[in-house]
Amino acid sequence: MKQVVSILLVLAVGFFIFSALYFPNQGDSAFDSYGEVDLDERVSSSFIDKNVTGENDEVVFGESANLEDGSANYVTSVIVNYRSFDTLGEVTVLFISAFGVGLLLSGRRKKQAFAHQPNFILKYGARLVFGIMVIFGVYMFSHGHLAPGGGFPGGAIIAAALLLLYLADNDFRAKMKAFKVTEGIAGSIYVILGLLAIVIGGYFLMNFLPTGIVGTIFSAGLIPIIYVLIGLKVGSEIAGIVDSFLTVEVEK
Amino acid sequence: MIQYLSIALMLVGIYGLLSQRNMIKLIVSLNIFEIGLNIFIVSIGFVKDGLAPILTSNHNSSALLYVDPLPQAMVLTAIVIGVGITALALALARKLYKTHGTYELDEMEGE
Amino acid sequence: MGISIGVGTIIVGLLISAVLAYVLTKINKTTGAWVTVLAPFLALAAVFLLRDSIGTTYSLFFLEFELTEYGWFFSMIMLLVFACVSFFNVYWMKKMVHPAAYNMLYLLALTGTLGAFMAKDFIGLFIFWEMIVWSSMFIIPFGKSRKASVVYYAFSALGSLAMLYGIFYLYNAFGSFNIQEVLKLAATDTTAALVAFITIGIAGMVKLGVFPFHLWLPRAHGNAPDTFSPILSGGLVKAGGFAVFLIAVVMPSYEAFATQLQFMGVSITSYIFILFGAVSIVVGTLMAIKQDDFKKLIAYSSVANAGYIIIGLAMTDALSVGGAFMHIFAHALASAAAFLAVAAVSHRTGTTKMSELGGLIHRMPLTYLVYLIAIISMAGIPPMAGFISKWMLFQSMIDNGMVFVATAAFFGSIGSFLYVFRPLSAVFLGQLSPKHYKVKKAPVLMMIPMIILSGLTVLFGIFPNIVLRIVSRIQTSVGMEGLQFDGTKIIGSNGSLDPTLIVVIFGIGFMIALVIFLLHPKSRKVELMDTYTASEFIYTPELLHYSHSFYAPFERLYKNAPDTSKWYKAILKKVSEIGGFVSYAFFSSKPRIVVFWIVIAMVALLWGGSV
Amino acid sequence: MTILQIVEIVVGVAMIVFGILAINTKKLINSVIFLSVISMLAVVSFMLMRAPDVAITEAVIGSGLVTAIFVFTLYTTKKAGEKI
Amino acid sequence: MNPALLIAAPLLAAFIAVIFKKIDKVVLGVVAVGNIAYSIVMAVLFTGATQIAIGGFAPPFGISLVLDSYSLIGILLVNVAFGLILLMGTKLVGRYGIVLAVSLAALNGIVLTGDLFNLFVFIEVAAISAYIMTTMNKQLKHTFNYLILGTLASGLLLFGIAVLYNMFGSLNIIDIASKLAISGVSAGAMVLPIVFIFAGLSVEAKLIPFGGWVRGVLKKSNSLVGPLLVTGYAAAILLVFGRLTSTIFIMSDGLKIALTVVAVATLVLAEFTAFSKKNLREVLLFSSIAQSGLVVALFLNGLTVAAILVLVNNVVSKLVLFALSAKIADDTGTDKISELKGVFTKYRVLGVGFTIAAMSLIGLPMFFGFVAKAQAVMSLFESGNLWLPAVILLVSVIEGIYIIRILTTLWNSGKEGQVPSKDAQKEYKLNGFVKVSIVALVIGVLIVAAGILPITNIKEFLSSDFLSFITRSMGGV
């Protein structure tokens, strides 16, 4: 009975959503249907041409230089430059929820013991993979402005590497204090950079470093720096979460 | 097409929230809802025959047709927020499990 | 003195003395209480002296006052009551938990009434009106009941918020807060007049305690501290008369509703008000007869008397309005005196339950006399002031041919004999309860105000024209016909009344009765417990008390009449139940239930939006 | 209808089916696994919509990490001797 | 003056505090005081409405903060409320200093931001901090409930925002509003995003039937979390409501009626519920839900000024009432009204503060609440609405009844039917109530002052532009 009611309700909501979005009864719904989007009507067209602050017609990979934003990856340029403030909020979300998880699952903790003792090969193999993963993660967040990826997945990969160590070695326990310090410092530098921008350029979180040629590694001004900070921060936060979840409270 | 299905996936998530009373199931439902929402948002930015929004040596000019990067940025944010909330919810669930010995909300004693 | 006395000065003075009373009471309780005695007296003198400057406007910071004829009249009544009652405060200081707060709030209530009567604009009126409400609301729980204060506030809030609705409605319609101006304008617009009449009328009815808003009276009056009951009954309640006067007379309601269906010489709207008045006379009388508690009895009698007042005001002819004013005045004096007598009794015996009292005439003869005069006036027997007002009201009713209302009014008058006689016999006559053998006379300071009030009642019963001339001037000041006099005679529509002559005749009759009484052989005194039945002594004095089941046969007649308080209780219970349901249904700790409501609401909104 | 559109529909329908399965299945661990499958399918759909950044993030964070902490939660709260 | 500092400073504080754990309370205190000072300075130096771009990208493209008299009121309210709550509940902060700092940043962000997606992010930050804070009450089941509902709500909000972005290609609120005006999108097309945004915000704004989480979470909350959620959070969310309704909510008649019905139903039903409750915090809780309903109803009818006044009154008086109630409950172990008879006879200053706040809440004249109520009723009359003032005034009667019930019980110790006496008094012991008393008293004085000032010339006040009135009285232009 309850299920039937739930299904009916959900169907009712679905009916209204679909009828409002795709079958408008009066005039045009103004809702662009899937794929039929004209970017020129959206703010994003300026993000693609990178002409929010100045005049710029075309960005050419490897040629255009000193634009308002030097990232070849448009998503990165939106995240770290045009809408950097959102990203600050976003890392705060992760920061605060990691902190909350830590608070909830606090107390003297020990690692959750697994039923099977991992063998030698697994143990040391994992360490090897750990190194590779960390390098990959660092690569990812330092090349966020050129290739897909960026700080968030990069940081998560580093955390995943740590997770691997946790799983592969029953005795392993990372030093959480170090992660806390990393996350705090990374976050602080992010905010301080933003505040510095007020002093230098008059706007909070402004990209005050010069941007090079689009498509080169040192091309996007602050973007790589911030993405590295985000990567470190996200990595240490997720590591904190993983640590909290992989440990249990010590019974008194 | 995927847009319609993403809305349907959101509705499946809401259905889960409506019908389930197990904490883990509720968190799963919430995640399903969020995934549906994320796909919906990305689909908003999709342009037919558009390129992935990255300048590369192959697609080296902004004059080409790209998909909208802004919804993608939004979704990136939404995913990370979702993880934060899921982690918090699971921590709560674990804590509650410890005191009540169950994940079923209806079986928990007290108010 | 450089300061000229004006309304502003009086209000500020009272506010300062309120603070002063608080501070002084903290230091010394009696000193503080004396402030509450002095302040009303000074204010009384000041307002009396302002008689010549009626019509002047005063301003105090942002508030504007205008001394009108009727404002002055009401203020005088109020100050008289406050001044007299405040003597009692001195004796009550030791009995209070918050004496300082009591004294302060007491004076604030006085300030509130004066401000309300003299306010020039509606905002001032409302501010002071609410000041009366909350100052008395905080005093009432110092008595026996916390609930009474909540009930009092509930009704008062209903009234004052109705009034607020009316005020803003009128402001929106006419762009002004000025009372006189707005009410004159409202009379030209039937809808606005109707809104004003109903909203402000409700405020007045609540304060007066007219049915169906009468329930707070017995609770508040019955449970308030003994010194505050006379204020409530004699003073604050009369502010309701003021509000009704504003919309019935100052706003010429007969003009405003001239286009309405006319009924017995008044418009249907006014007639409905009159009907409520009639009902409250009946209800008040019947309920008063039932009461065992002395204070509740007088409270219900106030309900009945409020009925007369509202009938008089709503009929809006010269005689009826004059009668209503006289009644406001007479009843203020009488009920204050009666409550003071109760307070004196309570001060000496510690109770106000009639079944526990009896025979106090031997111990407190003067109090007995005061009470006697008060109830005679309330019952409307010559030669007291209450008689004059009732006579005028009856005249007017018969004039307009209001048979039903007149019947109710006559019933009330006869019923009042019943209920005023009961406490008289139960408290003062009969045998003294053994508990009270050692009761002493009321203290001198208590006697002063009681005698003043009784004296005035008698005085204005004999020479009512002193008051009625003022009333006549009020009437002409608001643009209606004044009362007619001929020497000591009051000219009614179908006959005239010469109170002085009546007093003379009455005096002769009284003398004859006195002579007969004195010639009659003395009866032997029997003590209450000096009896036995079936050769057993009885030790419970209550059962032997002859006011026990005093009107039992009569009460049985209307035992099953509907109880109004049940209606309100039912409403509040419903509110509570809905609240409980909301809390249970919507504020669940189960996510799925709340999600259910969210989804339902969204479907409803989406549906509503697409309509 | 191009092949990509067919893939889109298949992925979408599969997600809904797995969604219903995840909600209605009895065992919690299955529920979590189905969620992980949905997440993976979402990655595919992101790729189809030319969103590589989102796809990578969803793969690493949404699919990997979330599943991991779900599983750890279930693992740490399982009763002795019970299989998750 | 860059308002971004109001957000950046608490965030920086939080990040620093995570490195140096020991100083988190100090940092939090400094930031709270700094934010108050900074917002006051901003209010004083305020010259005119501007949008401040973040990152140097002009408004429709980048994120911008809106600085106008509306958001100024918001930040003043939020920061001052936060500061006072912190002052009263310093001892309870414990390990939650970082969370509090983040929530302060988020609240400022919610009030200031002019960008829809940014709004979503800040609402999430605020919500997550709220989830974590409510774990302080040890009512984890209810926190879980809150978390699920809050997350669903922000999902709905995000859906609405996404639809709006699709329709208008922009996330900036002002930009969308201007595009709405030009493009002539029909009201029918706006129904879907409006309903989703409304639903999303209503969960946080606690409207019935959306805010089901609130009772469980707040009825046992301590004197830090409870007041913060009831005042700061409510203020921020309701102000967002106002900003959205006055800009992008182009409603069809049917939708407007439907939304108003929800708001008014909240007002009425929540007052009924408050009336039926016996515990101090629960009563106040439902009373603030009712006030939220009233504020939203006023916003929906386009009466921004009245709504803000009611909101300010509610925040200020609830701040005192809820903090004192929670304080009493923390120390005596109960907040059942009948078990707290005569508690104010010992703590008179507390009582006076409580009484003033309560009377302002009911809307008695000479208190700020009257000004708010007068403005609400008056402006409703002006807009030709005759039934809503009647509803507002009728529910004020009910509100008055339960508030007076509380006041008379808490001031008088005796049993029903007896004259209160000193002997019958129960002994109550409150710890460190001095700070609370001072705060309560100061706010009380402010309430009275703010209540008398406007009625000095009520006619001008009612007809004047309130925002200019406020800025004038704050010393601005």
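We call the chains A, B, C, D and E, going by the order they appear; numbering starts again at 1 in every chain.
The criterion applied here is as follows: a contact is a pair of C-beta atoms (placed from the backbone, for glycine too) under 8 Å apart; a residue touches a chain by one contact, two chains touch by 3 or more.
Not measured: the values here are computed from a predicted model.
Listing every chain that touches chain A and chain D alike gives B. Where touching is counted per the definition, the chains common to chain D and chain E are A, B. The most central chain, judged by the distance from its Cα centroid to the centroid of all protein Cα atoms shown, is E.
Taking each chain's centre as the mean of its CA atoms, C is the chain most distant from chain D.
Comparing the centres of all chains, each the average of its CA atoms, the largest separation from chain B belongs to C.
Here B-E and A-B are compared, and the pair linked by more C-beta contacts is A-B. Averaged Cα coordinates give chain A a centre that lies 32 Å from the centre of chain E.
Chain B and chain D have Cα centroids separated by 10 Å.
We define each chain's centre as the mean of its Cα atoms; on that basis chain A and chain C are separated by 74 Å. If you average the Cα atoms of chain C and of chain D, the two centres end up 76 Å apart.
Touching of two or more other chains is recorded for residues 51-54, 57, 61, 65, 69, 73, 76 of chain D. Within chain C, contacts with two or more other chains are made by residues 589-591, 595-596, 599-600, 602, 606, 610. Multi-chain contact residues, meaning those touching two or more other chains, occur in chain B at positions 1-2, 4, 8, 12, 14-15, 17-20, 26-27, 43-46, 52-54, 70, 72, 74, 76-77, 79-81, 83-85, 87-88, 90, 92-95, 105, 111. Each chain pair that touches appears in this list: A-B, A-C, A-D, A-E, B-C, B-D, B-E, C-E.
Chain contact summary for the complex, chain C toward chain A: residues 596, 599-600, 602-603, 606-607, 610.
If you check the complex, the residues on chain A that touch chain D are 73, 75-76, 112, 148-150, 152-153, 156-157, 159-160, 163, 238, 241-242, 245-246, 248.
Interface residues of chain E facing chain A in the complex, by the touch rule stated above, are 2, 4-5, 8, 11-12, 14-19, 53-58, 60-63, 95-96, 98-99, 102, 105-106, 109, 117-118, 121-122, 124-125, 128-129, 131-132, 135, 163, 165-172, 175, 183, 185-186, 188-189, 191-192.
Only residues 1-2, 4-6, 8-9, 12-13, 15-16, 19-20, 22, 24-25, 27-29, 31-32, 35-36, 38-39, 42-43, 45-46, 50-54, 67, 72, 75-76, 79-80, 82-83, 86-87, 90, 93-94, 97-98, 103 of chain B touch chain D when the two sit together in their complex. Contact residues of chain C toward chain E in the complex are 61-62, 95, 97-98, 123, 126-127, 130-131, 134, 137-138, 141-147, 149-150, 153-154, 157-158, 161-162, 164-165, 168-169, 171-172, 177, 225, 572, 575-580, 582-583, 586-591, 593-595, 597-598, 600-602, 604-606, 608-611.
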